[in-house]
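Same chain, two partners: subunit A is paired with subunit B first, then with subunit C.
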Partner chain A sequence: MKDAITVRNLKKEFKAYSSRSGLKGAFRDLLTRNYKIVPAVNNISFQVKQGEMVGYIGENGAGKSTTIKMLTGILTPTSGEVIVNGMNPHKDREKFVSTIGVVFGQRSQLWWDIAVQESFRLLKKVYKVSDEQYDSHMAHVIRTLDIEPLLDKPVRKLSLGQRMRCELAAALIHNPPLLFLDEPTIGLDVLVKLKIREFLKEINEKYNTTILLTTHDLSDIEALCERVVMLDEGKIIYDGALKSLKEKWGEGKEIEFKFLEEVTLNDLNRITASSEVKWEKDEKEAIFTAFAEDNDELISLLIAKVVADLKVKDINIKETSTEEIIRNIYDRGIS
Partner chain B sequence: MDKYIEMIRIRFLMMLAYRTNYYTGILIYSINIGAYYFLWSAIYGEKDAIEGMSVIQMSTYVAVAWMARAFYFNNIDREMAAEIKEGKVAVELIRPYNYLGMKTMQGLGEGIFRLFFFSVPGMFIVSFIFPLQFSADWTTWIFFAISIVLSFFINTQINLLTGITTFFLFNNTGLIRAKRVVIDLFSGLLIPISFFPVWAQDVLKFLPFQGISYVPSMIFTKSFSDNEAIQAIIMQGIWVLLLIIPIQVLWVIAKKQLIIQGG
Partner chain C sequence: MFYIAIFFQYVAQYMKTRMQYRADLLVEVFSDLLFQAVNLIFILVVFGHTNLLGGWTRDEIIFIYGFFLVPYALFSSFFNIWDFNERYIVKGELDRILTRPIHSLFQIVLERMELESLFGAVTGIAVMIYAGNNLGLGISWTDPFLFFLFVTGGMLVYGGIFVMIACISFWADARTSIMPMMYNIGNYGRYPVDIYDSVIRFVLTWILPFAFVGIYPASYFLGKEEWFLYSFLTPVIGIVFFGISILTWNSGVKRYRGAGN
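Showing the complex of A and B:
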C-alpha cells in the first residue's frame, strides 16, 4: 500500500528574538536585536500509510502544529523532505491542497457573516466539485453530522459544537484522501465529540481516508487511533501502537476497596503481608487503594485475601489510564 | 475562474449583511461632497475659471472623484493585516486558490456592490442638489469606464503591497493609515493635480497615484482632450503591469519566511 505521508529528517527552526532590559537596552534593540535559533521541529522522520488513523500527541509547544503546517504546505521547512500524497507540499501548492482537507479547531474556515450553505457553495466552486459528486457525498455528510437545520444560519450565530460540525463538513466537501485535524474536539461537549468520532470512523472505513489527528483529549485518540506518534521538544519520542504504549508504560493496577467495618492500614498490610502490595488510604471517603503489579494471578490472590478477612462494600479495579501514562512520560521524559 | 466569480458574489452577500455600514457610507460621502463643493465655490468666488477649470467642472470633478472612490476604495490591506496578525492566513493558504487574486476579487465584489447601490444612486441625488455637468459624448463614458477599472486595479495593487508588508512588520497600522492619506492627497481626490505646483506635478507624473482618482475624474469632466485621455489610460495600464512585479517579489519572500501567529 502506498504511503500517504513520508517525512524524512524534517526540521524547522525559528528565530526567537529577545529584548534587552532597560531603556538603554531598548535603544540598542533598535539597531541590533538578540536572537536565538530555536528548533520547533528537530529532525523527525515517520511514514503514514493510506487509510491509517494516526494520533499525533505532545505537550503544548512540542511542535505538533508546526509539523501539521509543514505537511499542509503552509510553512516551508528549514531542511528535510516532506512528501504528502506523492507531492511536495511547497512546490505545486494549489494542486496539492486540493488533495487534502484540514480542520483547525481554533480557527474557522467558514465565512463568519454569511450562511453556512453559502460557504459550502463557494468551497464547492473552489475545489471544483461537480454537482453530482456534491449531492451524493455531501448529502450523506450533512445527514450524518446532523447539520441540515444549520445550513441557512450565519456562522456567527452557531454554537461552538454546531460550528465544529460544519467545519468538518466544509473540510470534506472535496472528499479528500487525507485529512488533517488539529485539535478538532477542543471545547466540545461529550455528545458532539462522540458524533464527530463516529463520523470520522465512518469516513475512514467508507473512503479509506487517512487521518492525522492532534489533540490533547486522549479519549479521542483511544477511540480512533491504533497508532500514536508522540512528540517532545521537537523530537519523536514514541511511534507505535497505542496498545504497546500502555503495556510498556502502564504501571500496574489500582484496586480500590470500601469496607463495611472500621479498618486501618495496619490491618490491611498484615493481611496482604505475603504479596508485594502498597496500600494507601483516602481519609475523606474511607477508600483504601492497593497498588499492585499488573499480574492477573497476583491481583485475584490479593482480592481473595482481603475478602476472606474483611467485609467489603465495594471493589473497583482500575488500569492506569492512557492519560496517566502520557502524563508520566511528559513529566519524566522517556529514558 | 468560477471560484473567483463566486467570491464576488460572497462579498456581495457580506456587504448586505452589514447594512448600517452602507447607510453611514452614503451619509459620509454626501457630507464630503457638500463640504468640498462649498469650499470650492468660496475659492472661485467671482472668478470664471482657475487653471482652466470652470466652477461647474470643478463641482462635477469633486462629485465624480468621490463617487469613483466608492468603487475603487477597499480595505483589503486592513483585512490582510488582520488575517496575518490573527493567523487566519493559514486557512487561506490551505485552499487551492491564489490568495492575492482572491483578495482582489473580494475588493472587486465590494466595488461593484458600491458602484450600483451607492455611486449611481448617489450621483443621481447629488445632481439635483449641485449643478453638475454630464457629458453627452459616449466616448467620454467609455474612456471613463476603462479608466475607473484601471484605477481600481492600481489602488488594489497598492493595498496588496501594504497588506503584504504585515508579514515583515507584524504591525503596520501606521503604514496603512499613512498610505490612505497619501493616496487621498496625491491621487487628486482632494485637489486636482493641475492645482499642484509645477515641480510637484513633475514628481507625481512618475508615481502611480494620479492614475487612481485624477485621471478618471478629469476624463469625466472633459478636462482632458481625447488624446490626453488615451495617453493617461495607457499610463494607467503601464502602472497596473509594473506594480505586479513588486507584489510578486514580496509575496514570494513573505511566503518563505511566514510565521503563523498564535499556534
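Showing the complex of A and C:
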C-alpha cells in the first residue's frame, strides 16, 4: 500500500538567543548576540501507511508540534526529507494543504463572529468543494458529531466541547485522506471525548482516512491507535504497536485481595511459596497486593491457592496502565 | 479567477457580519469622516494665512489631498497589517493561514479587510470635485481610466511598503515601532514634494515612494506638465514595489518559526 507519510532524517533546528546580564551585557548583545542552536527535532525517520491511525506522543517540548508543523507545511525543515501524500509539504504548500485536514486543539479554524454554517460555507469555497460532495459527505459528519443544533450559532457562543466538534467537522469539509490532530481532546469532558473518538474511528473505517494524533491523554491513543511513535528530546525512542509497548514495558500484574479474616504477610508467603510472587500489605485498608509476572497460568494458580486456604472478600486484578508504562520509560530512559 | 470569487465570498461574509453590529458600523464610519474633516480643516487653516505654498495654490493642494484620500482609502480597507507581528506571528495565527490552500498574504488581506474605510474614497472624490471646480479643471474621456490606473498604482505603493515592513517580523522577533512612523511619513506624500529639500524629495520618490500616492499622480490632473513623467511612473512604481514586497513575503514565510503552544 502507498505510504501517506514518509519522513527521512528529518531535522529542525531553532536558534535560541540568550541575553547577557546587566547593562554592559545588553550593549554587547546589540553587537553580537549569543545564540545556541537547539534541535527541536533531531534526525527522525518514520512511515505511515494510508489508513493507519498513529499516536504521536511525548512530553511537552519533545518536538511533537514541531514535527506536525513540518508535516503540514507550516515550518520548513532544516534538513531531511518529508513526503506527505506524495508531495513536499512546504514546497507545494498551497496544493498540498487541500489534501490534508488539520485540527489544532488550542487554535480555532473557525471565524469567531460568524455562525458555524457560514464558516463551513466559506471553507467549502476555499477548498473548492462541490455542492454534491459537500452535501453527501457533510450531512454524515454533522449527524455523527451531533452539531446540527449548533450550526446557526456564532462560534464565540459555543462551549469548548461544542466548538471542538465543529472544528473537527470544519477540518473534514474537503474530505481529506489525511488528518492531523494536535491535542484534539484537550480540556474536554468524557462524553465529548467518547463522541470524538467514535467519530474518528468511523471516518477511518469509512474513508480509510489516515490519522496522526498527538495528545496528552493516553486513553485517546489506547482507544484509537494501534501504533504509537514516542518522542523524547527530538528523537524517536519507540515506534511500534501499542500492545508490544505494553508487553515490553509492562511490569506484570497486580492482584489485590481483601480477606474476611485476619491474615498476615507470613501466611500468604507460606501459601504461595511455590510460585514467584511478592506480597505487600496496605496497612490502612487491609489490602494485600500480590505482584506477579503477566502469565495467565501463574495468576490463576495463585488465585486458586489463596482462595483454597483463606476466605476472600474481594479480588481485583490490575494491569499496568499505559500511562504508568510511559512514565516509567521517561523516568528511566529507554535502554 | 478563483481568487476573485473567493474575494467576493469574503466581502459578502464581511458585510453580513457588519450588518449584525449596526451601531459599531455607524461609529466607525463617523470617526473615519471626522478624521478626514480634521485633516481638511488643517489645510484650510494653513491657507488661511497664505494663498501660495511653494508655488502651489490653495485649491491645488486641496485637490492633491483629495486625490491622496482615494488610494489611501483602498489601502486602509485591504492592508490592515499594522498588527501583523502581534496577531499572526506572536499569537501563531499564521499557522492556521498556512494550512489553507490560498496564498497567505491574500488570506490576511481578506481576513483583515475593513470596507468602511472605503468611505474615505468618497470623501476624496468629493474634495477633488470641489477643488477642481474652483480651479476650473475639465474632464477628458481618458481621465477616468488614468485615475483608476493611478489610484491602483498608489494603493500598490502603499501596500508594498507596508507589506515589506510587516515582513521584518519574519526575520526579527522583536516588535518594532516602524509601523506608526511609516504612517506619519506616508502623510508627506500628499504635499507637493518641491516644498521639501532634495534629500527628502529623493526619499519620497525612490526609497519610500509615498509621493506616488498623492502629489505625482495628482499633478497630471492639475496639468502640471513638469511632473507628467512621474505621474505615468505611478503604476510602474506600484507594481515594482508591490512585486518586491510579495517576493520578500514569500521568502519570509519560509523562515516562519511558529509560536509555541
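The rule is simple: the second predicted complex is superposed on the first by the 332 of 335 C-alpha atoms of A that agree within 3 Å, B and C clash if a C-alpha of one lies under 4 Å from a C-alpha of the other, contacts with A are read in each partner's own complex, and residues count from 1 in each chain.
In this text, contacts are C-beta pairs under 8 Å (C-beta built on N, C-alpha and C of every residue); 3 or more make two chains touch, one makes a residue touch a chain.
Nothing here was measured: the structure is a model prediction, and the numbers come from that model.
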item: Touching partner for A:114 - first (subunit B), second (subunit C), both, neither; value: both
item: Touched partner set for A:94, first subunit B, second subunit C, both or neither; value: both
item: Touched partner set for A:14, first subunit B, second subunit C, both or neither; value: both
item: Contacts of A:262 with subunit B and subunit C, given as first, second, both or neither; value: neither
item: Touched partner set for A:102, first subunit B, second subunit C, both or neither; value: both
item: Which of subunit B and subunit C A:131 touches, first, second, both or neither; value: neither
item: Doubly contacted residues of subunit A, that is, touched by subunit B and again by subunit C; value: 14, 65, 69, 72-76, 93-95, 97-98, 100, 102, 104, 106-109, 111, 113-114, 118, 122, 125-128
item: Subunit A residues touching subunit B - in the complex, by the definition given at the top; value: 14, 65, 69, 72-76, 93-95, 97-98, 100, 102, 104, 106-109, 111, 113-114, 118, 121-122, 125-128, 154
item: Touching residues (chain side subunit A, partner subunit C) in the complex; value: 14, 65-66, 69, 72-76, 90, 93-95, 97-98, 100, 102, 104, 106-109, 111, 113-114, 118, 122, 125-128, 182-183
item: Complex interface listing, subunit C residues touching subunit A; value: 2, 5-6, 9-10, 13, 16-17, 20, 92-96, 98-103, 254-258, 260-261
item: Contact footprint of subunit A on subunit B as seen in their complex; value: 2-3, 6-7, 10, 13-14, 17-18, 87-88, 90-91, 93-98, 255-256, 258-260, 262-263
